[in-house]
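The chains carry the letters A, B, C, D, E and F, assigned in the order they are written, with residues numbered from 1 in each.
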Amino acid sequence: MNYYSLVLVVVALVWALAAVAGDPDILGDFIVPAPMVGMPPTNITSDFFTYTDFLAAKEYMPWPPQYFIVIKANMEVFPALNGQSVSYAMLVFPSRYVNPPHTHQRAAELLFVQSGALSVGFVDTAGKLYTQVLVAGDIFVFPKGLVHYQYNQGPNPATAFSAFGSAAPGTVNVPASVFGTGIDDAVLAKSFKTDFWTVQKLKAALTPPPK
Amino acid sequence: MNYYSLVLVVVALVWALAAVAGDPDILGDFIVPAPMVGMPPTNITSDFFTYTDFLAAKEYMPWPPQYFIVIKANMEVFPALNGQSVSYAMLVFPSRYVNPPHTHQRAAELLFVQSGALSVGFVDTAGKLYTQVLVAGDIFVFPKGLVHYQYNQGPNPATAFSAFGSAAPGTVNVPASVFGTGIDDAVLAKSFKTDFWTVQKLKAALTPPPK
Amino acid sequence: MNYYSLVLVVVALVWALAAVAGDPDILGDFIVPAPMVGMPPTNITSDFFTYTDFLAAKEYMPWPPQYFIVIKANMEVFPALNGQSVSYAMLVFPSRYVNPPHTHQRAAELLFVQSGALSVGFVDTAGKLYTQVLVAGDIFVFPKGLVHYQYNQGPNPATAFSAFGSAAPGTVNVPASVFGTGIDDAVLAKSFKTDFWTVQKLKAALTPPPK
Amino acid sequence: MNYYSLVLVVVALVWALAAVAGDPDILGDFIVPAPMVGMPPTNITSDFFTYTDFLAAKEYMPWPPQYFIVIKANMEVFPALNGQSVSYAMLVFPSRYVNPPHTHQRAAELLFVQSGALSVGFVDTAGKLYTQVLVAGDIFVFPKGLVHYQYNQGPNPATAFSAFGSAAPGTVNVPASVFGTGIDDAVLAKSFKTDFWTVQKLKAALTPPPK
Amino acid sequence: MNYYSLVLVVVALVWALAAVAGDPDILGDFIVPAPMVGMPPTNITSDFFTYTDFLAAKEYMPWPPQYFIVIKANMEVFPALNGQSVSYAMLVFPSRYVNPPHTHQRAAELLFVQSGALSVGFVDTAGKLYTQVLVAGDIFVFPKGLVHYQYNQGPNPATAFSAFGSAAPGTVNVPASVFGTGIDDAVLAKSFKTDFWTVQKLKAALTPPPK
Amino acid sequence: MNYYSLVLVVVALVWALAAVAGDPDILGDFIVPAPMVGMPPTNITSDFFTYTDFLAAKEYMPWPPQYFIVIKANMEVFPALNGQSVSYAMLVFPSRYVNPPHTHQRAAELLFVQSGALSVGFVDTAGKLYTQVLVAGDIFVFPKGLVHYQYNQGPNPATAFSAFGSAAPGTVNVPASVFGTGIDDAVLAKSFKTDFWTVQKLKAALTPPPK
């Protein structure tokens, strides 16, 4: 053993020690939703713990898919997850589709490719890009809070399941948040070190049409 | 001081760090494993964030499966999960197989049935049993810490993916813990309100053979 | 119900929410229970922080005890514990009594033997059994979430106090959860590697009579 | 609406409120850094708890400032903060400068404008932009994990102090992460719904020069 | 009070509960306060995230200050901080003023001296006193839960900003808690190893006048 | 590199681990202490989970007790508690003894009076004093972080057991912290609104003699 490796051990341990913080938990088996006024309380049967929308979605999904389809099993649509700190999403990618750069504020994403292939990537806070080409059966983890994307480069659809360590992981879509929400042109031009014309072109492409 | 004791120090510290640095929020993007003495530190590339054992397992798995197969993607085998609070398991059930009653101490389990069908159940702390028959595409949540099981009642294999809200959910197998670990016959007979002969029969069936 | 009491409900709830919605711990000194509709709010005096049921129980307890007696001081019966992450239980064991294998999902148990002697044990997730004979004055810790039991092997009663690091530790009674809740015979026979006759005998012994 | 349903509401809410607890934190007063090999351990005096780089920076800062200056008082540079869940940053904006859209993964930011004025904004996960013009003395909170920016629109410099509820809040700079890290042109063109030429122009502007 | 407002109350509470009962942090971008009965719900605009009382205070503050002034920006007065785990306080010290020994139960304090100078100190649990003289620009951290004070020894006023890693850090003022709340003379005389006369003198000085 | 510095490394790491590895949820059944350099690792048997010092103390304790005796079962003396978030203390009060005002930074205290009687009190952050006279069998909770005391007013000894929701609750003794650590007379005189002579008298009584 040498001096250098020991220093590495110590540095790594100190760094890892820094790497801790908090957590609570619910104080019951599960959380029963509060009833709405004038409505009977939720009747807790096995169905409360069952979620069938992935199944339903698959049955009615055109194949090959024409659009990117995300079906979430989070606590908003599956209330039994409240307090259980876990959720799922099913992702169906048409050929050539990109799920644009985004972050999840409250969870890492553990993506499992069920069919097809996906080119994925994330950027750490030091600005290093990690990319990988995943085939069916592969798993990839996008660390918590970092910008990441998935790209189906090939001619066939791809299907993936993502698990999250939160019942409500949250999603910040980067292009839409930045260019689709009305942030001042000057702020964007300076931030992206570009001209107003480019900013306006990007805004035009990414601003959702009025409802 | 000698080499051996230093290795012990480092192994113990790494183990202890593994035991603490995970599900509480980390204070960095991800946790780089501490290098072993005399070994170069882990080279963090995209492969560090990729897990391919599900894929490998599927390729070499006899079909129909003869045994219950569990392949885990937790932080023990996939160190990038340390600190990311999420993990996966792939479960392959032969026909008629039961995954016996067990608990996970540190996470709820969100089970997705990929193929086949499963009869599942869990018991809450009030002693109420919740059962469900799941078909391919269904999702079911087993709340944190409660006793649950899965049963493939049918003639065909079943495959499921489970997501956990911890990188190290932990598993307490109930029959093996209770009848396979040498707990005194009197304790078990009184606990299960039965006779010594029954206890010994169950112990004989559930005690693992000496290695 | 009148306007005033509803305002109180809402104020108390808002206050209580403020007390819980932020950081992991509560955000006030203690949590005042929300008043019931039409009832005055809890009057917070010293009595709110005092629990006298251990004392009452002792005074009226036949000695030697004929039954296993557990008196809990958790947040269900002692609301001041809500948010304080600690609770107690008093355990009184008749001679030869076994407190059957069980787990607490949300806390380790720190058992102090006050009188008599207890044989205790727990099983770790690797399937290793740890047993100990405790005498009056001894303390033993059952780690969080693991299966454990206590057995009063001797001719005299035993009394113990257990502290928990949660105001609501939760209890999963293993024999009752597994054999007393109606889990399918096939599931249990396969899980315990035994025959239907044995399963039915255990179920008959452990199923609570209908109320 | 009737009395019964309101009671149910309240009971359910009280029960749900009970459903919280938690917390970790360090288990000592503060964390003493591990000494480096061959070096004496950190001598813990009052200086360990004192940070003087803001002061030093101010003394040597040209005025008016020519560049955006960020001086952080986080646990990387001020180790006493480890385990204390709080940190600071001092921000000095030249006239017309924009601190580009970014997120902090592990903390909300509480910005206090000390001198000058700042136009700030953040985007919530529903895509709604919140903007404000802040003058000296104003405080603004950027919720945890959301994209936000600050812009000094005026002719004078502006100074701000930001507090974070983490000793290591982390920063994801959006333009640099997306256009400065080598993400494939096709991914970016599809994500931003633009052409390759625009992507390459943005990349050229935002990619840091090789060191 | 009408039906509509009650429904709003319940919806808001259910939403807020969903936001707290699960994972460690809040499960939404921010927490919208529940509306009071008969009042419209909080209209969430940028002003909800802005706090202007520091500014207002400064404008109306006599200079030099005659009294110690503390203006808090915590979740009680700035509800947007609920769930964001951070808060501020502005402290203005007249010449010779002491902010008496106190603790914050839920947060460390990170003090930044803006103008003037302050002598500060804290005592760790081993009874070691750490003192420091801070000048404008210095930062000092008072670790969580420890007794600390600030003293403006000089002839000029001093201004400081303190950041806390909690939206509700809590304050226990030591002299007032001990001598100003009616604790029995015997308890205090024995605790401080002094006579009744001294206790009564301190009580007289520190007991707030009846309102 | 030399032996001495390595021992320092290890001691510091073990200490630091102790400082962080506890109340956050651990990711294993229990935490095995890191072995010291040159020593074999801790052999984990049932004795690791057993603590016998309460028993030993009782056997050798003079009765009636002449001094206040506190025997702690926390993670410092009982390492198995590390990560289990719970600890005990046994308190033996001579007649007329006061356990002076103090706080625990990291846990509420749940006090059970085993014999004798105790007058107890705590002060909330609004300055309200809550007092109670407890008799054998009573339980009282001192909420987390608040100043509290116990007083044995009667002629007989009193014994109590306290449970804490942390393996390392921490103790800040108020009189000793304030008057026994060398805080400047002027700070104390101003804080307690008294004269230097009184401060010096209190300091003389409460400053521990030099060792």
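Following the convention adopted for this analysis, a residue touches a chain if its C-beta (ideal position, glycine included) is under 8 Å from a C-beta of that chain, and two chains touch if they have at least 3 such contacts.
Quantities reported herein were computed from a predicted structural model and do not represent experimental measurements.
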*State the smallest step count from chain C to chain F, taking one step as a move to a touching chain.*
1
*asked:* Between E-F and A-D, which chain pair is linked by the larger number of C-beta contacts?
replied: A-D
*For chain D, which other chain has the most distant CA centre?*
C
*Please determine the option from A-E, D-F or C-F whose contacts repeat those of C-E, over half of the contact pairs being identical by residue number.*
A-E
*How big is the gap, in whole Å, between where the Cα atoms of chain A centre and where those of chain C centre?*
38
*Go ahead and note the Å separation of the Cα centroids belonging to chain B and chain D.*
38
*What is the distance, in whole Å, between the centres of chain C and chain D, each centre taken as the mean of its C-alpha atoms?*
43
_Contacts with 2+ other chains: residues of chain A_ = 3, 6, 10, 13-14, 17-18, 20-29, 31, 33-34, 37, 81, 83-85, 106, 125, 131, 144-146, 166-167, 170
*Under the touch definition given earlier, write down the residues of chain C that touch chain E in their complex.*
3, 6-7, 10-11, 13-14, 17-18, 20-25, 27-29
_Interfacial residue positions of chain D with respect to chain F in the complex_ = 23-29, 31-35, 37-41, 83
*Which residues of chain E touch chain C in their complex?*
1, 6, 9, 13, 16-17, 19-20, 24, 26, 31, 33-34, 36-37, 75-76, 81-85, 106, 166-168, 170
*In their complex, what parts of chain A are in touch with chain C?*
22-25, 27-29
*Spell out the part of chain B that touches chain A in their complex, as residue ranges.*
3, 6, 10, 13, 17, 20-21, 23-35, 37-41, 45-47, 49-52, 54-56, 58, 73, 78, 80-81, 83-88, 107-110, 112, 114, 122, 124-126, 130-132, 134-146, 161, 163-166
